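The next part holds the structures, each set out as structure tokens.
Each of the two complexes below includes chain A, the first together with chain B, the second together with chain C.
Moving on, here comes the complex of A and B:
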């Protein structure tokens, strides 16, 4: 479309659409940010306080220490990082096999893909019952395993698409040079795919970091993650605006930074490699 | 280049004679697949199979032994008016969310398709909602809308010149509008990003030819732009639909399903009977019904997506 019209100026209607949409996107973020640094006295002022005269950090300390936000944060980090590592490892191996040997034909790859579209509510009840039976309920291991499986379709399909567009010739050269299959994969194939693996890892991490439903059901006092801490603000009507906002900031800043960093892989990530952006 | 490749068979590159024996190759390829496949079997498939047994018994933590009850669990779900109502809410919310997101995402993608100064920065801002937990999104919109704290009623009051006291999270139909707002805010960027990739992949000479022939802007849009990006539209809508029917997180945070059961979606309903009332078998039966309905949608949509003539 770039060369469609030669006019240099952007029509006014476009500027209006874009400005309105930008305001729509930024308004909630701004309000959360302002609320997180607003003294409690400013909450109910009319007209609303658009920016506090005396910004404060008390809500952050309260959210982290009084509402166990810190433990949620630490749990989220442990669970998300471990699940990302595990999911990337087994996902990359599977993707390599699917791409290089067409293992299991289309059936296997689509079986993995279908997992992406299973409604979580359909799996969560039986998973919950089984976790209770074998003692994985409310444990970090249980959450790591659940998140690994729930992110596998993304990892496998992103890496599958990545390996397929990588030439085989270098790995084949390594085989001719006397490498084993295993050696050719570890020392040639996977290092060449490193950019794709990093991008997949970031998307998997964000998926784990932001997940709520599994954590809500499978954890309680021990392995609860950051998103589940927001439950604490539901029962008390009104007084915890600042704490909720502070916790929201703590949750959204890391994933936004990571997401924007891998922006150029976004289309591949969102469509599991189906569209190469 | 942006092209839809889902379901495309890998290009068949003629394999040269490789030194390694084919039998060890075969063992190797299955060995690589095994860990991931075993994990999926253990965490996802096994529980599903286990739950088939749960369907036909009365599974209760309080009562030892699990009495066989036949189809009673199914009957209880099917005869529950709240179950049917929650399914209706799911369909209505899903369709309105995805439709609004598609139209708005397409409009913004059209605006952003041409390059201009600051375009990269604006794209980076527009995609931010995709990286935020839906719980946080729900919390943010609750803060914006909630009475008396949120600024929304105040701003509307200034705009209309009279006092506005809408209970955005408790009052019909505003609670539904609030839920749609949160969903549209989070997922319009999804449509936008995919459709933008489609729009920028349209070769410029197509538009130049249309311009030379004197084709109007609307005609160009309907007869060139839309057909070109229709595979992306189909893919984006499929992915969104299958996620939208799970709607749970924002409901949990914003309305809690209320008032009463007014904003129950299928997922929220099943969660409530399973984990608040602990009717585990009944919830499992409901989950299976929901799963089968979802599978029908998946088969219908994914089939179309995989059709080679989609472009």
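Moving on, here comes the complex of A and C:
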């Protein structure tokens, strides 16, 4: 009760600023949502239709089934989740090695990051030709490998930074206590790096989920991902605003679920209290 | 239970040599303190014993086994780290039992040994808390508990008290000493704090620039320092060094201080092997060897002097008074009421029976 009455009053100015910001962020989302349930005639009506009189789910069914959006969603999930898992696994080991054993001296860690300096368009043609040659074109495996390689540099760099700021003495204590190097890493290093790994995983997943360029060039009818489906909503018959909006809403769902699931881990501070007073 | 033998140990990091050829024998059950200024190689030496650093040359034996290429886990040593290194994702109980679990001990035995260690350290009520939920002193106890629960043959302490506040540090220092008296396992303790070194050690190993400057019992080092460095490092306030020249006459030796304005006669029994007349020397005087003159004449081996106090620092029981002898400031530890204010002129006696004498060129004791 005392805590309740003592609660600080929020200044009006802050409420105004936050409200404006919220409108700025949510208004486009609202418009996408409303468009997805509008009948086609209402898309560009003047004055704008703020909420349709007769909401419809027809754009959802069209986007998911007629335009193969569901197939794209499934492909995207398979490819993004696999690539994220693979990238995190390899990336964690790489980052650990760079941070703890100074692998490759001073320059290897920077070399890893520098792989991202190359614009993707510079490698897309050779990649396409090689994929055709070895039969990885338009396959899930091919996309998973491409995305893993594509996201590794940033993932490694994020986890490398995290491992580096973790005190070495924790793992050294585990070594003296009776662990092998692997044991110390698995039972002490990795659990403590979990927030960093989760943060990197979210970052990698979102990068894979929203990637368009590689998917456009490297896939066609089999392993195409959700972003490439949007391409088909622009056609000679005009723009399919409703279908595009419906699919946009669908594509948001996994990101939201992911955000809710990992929110707890994204809050750092697990290592607080390990050292000092 | 184990003795430690170190032979010609070297540790290099690139071009930098942190440990430069150390020989050290530590008998079973002894409490050895490695002490020295930052960067003297004392922590590196400890870490090579733990196996956390590969050695570049030489040999380390623990309990008769050469452990040069042995992994840390196989050396059967326990280490307490400066930052405690408690696993933040485990409770206190899990932290203490971690080493036993890693060695695949049956859970029932782990539980009984953990609770035994917790009882010994008075932390039984903390077993379900996480490290971030307990105080610095409690964390230190947990870190010690994690070490003793394994009953290792050797304990290593890497500046374990340096993160604690002064009062807690005194308390924990006493507890570590008591712990050693109770379990009498060999302990090697690294610190840069000379008071910790003096109070805890059976033997002090004083290091400088990667080599051992002097080793021995604490009072040996304190009373008979081999070099000016040792003399200056041990003791607080520090020993005062008065530069001068040796004057050997018919009726005994004396030291002419500074520009020659002050001459202090040395006690007749003072050995001066091979030091010639006029040789540059340094006289080392500890604060406690200066006292306010009380008798009419100075006692044998004492020199009476006039002192005008320019700085006075009372500590309650004693007072540190600074004055000048031949231009050099010297700190004297006087009785609390010997001096009442700065600027006061008093007579003091320097006890030269216990003063140290160094060769100014080599900085070694004469």
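Just so it is clear, the second predicted complex is superposed on the first by the 223 of 277 C-alpha atoms of A that agree within 3 Å, B and C clash if a C-alpha of one lies under 4 Å from a C-alpha of the other, contacts with A are read in each partner's own complex, and residues count from 1 in each chain.
Note that in this section a contact is a pair of C-beta atoms (placed from the backbone, for glycine too) under 8 Å apart; a residue touches a chain by one contact, two chains touch by 3 or more.
What you see is a predicted model; the values in this text were computed from it and never measured.
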Per-residue touch tally on chain A - higher for chain B or for chain C: B
Partner chain in contact with A:24 - chain B first, chain C second, else both or neither: first
Contacts of A:180 with chain B and chain C, given as first, second, both or neither: both
First (chain B), second (chain C), both or neither touched by A:152: first
Touching partner for A:170 - first (chain B), second (chain C), both, neither: second
Chain B versus chain C as contact partner of A:261, first or second or both or neither: neither
Which of chain B and chain C A:141 touches, first, second, both or neither: neither
Chain B versus chain C as contact partner of A:192, first or second or both or neither: second
Residues on chain A lying within both footprints (that of chain B and that of chain C): 172, 175-176, 178, 180, 270-277
Contact footprint of chain B on chain A as seen in their complex: 1-5, 10, 14, 17-18, 21-22, 24-29, 31-32, 35, 43-44, 46-48, 89-91, 93-94, 96-104, 106, 108, 110, 112, 114-115, 117-123, 125-130, 145-146, 148-149, 152, 156, 161, 164, 168, 172, 175-176, 178, 180-182, 185, 206, 209-213, 216-217, 226-227, 230, 233-234, 238, 241, 244-245, 248, 251-252, 255-256, 258-260, 263, 266-267, 270-277
Sites on chain A touched by chain C in the complex: 167, 169-170, 172-180, 183, 187-188, 191-192, 270-277
Chain A contact footprint on chain C (complex, rising order): 50-52, 71-73, 75, 77-79, 81-89, 98-100, 102-103, 130-133, 135-136, 139, 146, 150, 156, 163-164
Complex contacts: residues of chain B adjacent to chain A: 1-7, 9-11, 13, 16, 18-20, 24-25, 28-30, 32-33, 35-37, 39-40, 42-44, 46-48, 50-51, 54, 59, 104, 107-108, 111-116, 122-137, 139-141, 143-144, 148-151, 154, 185, 189-190, 193-194, 197-200, 202, 204, 207-208, 211, 232, 235-236, 239, 242, 245-246, 248-249, 252-253, 256, 266-267, 270-271, 274-275, 280, 283-284, 287-288, 290-291, 294, 298
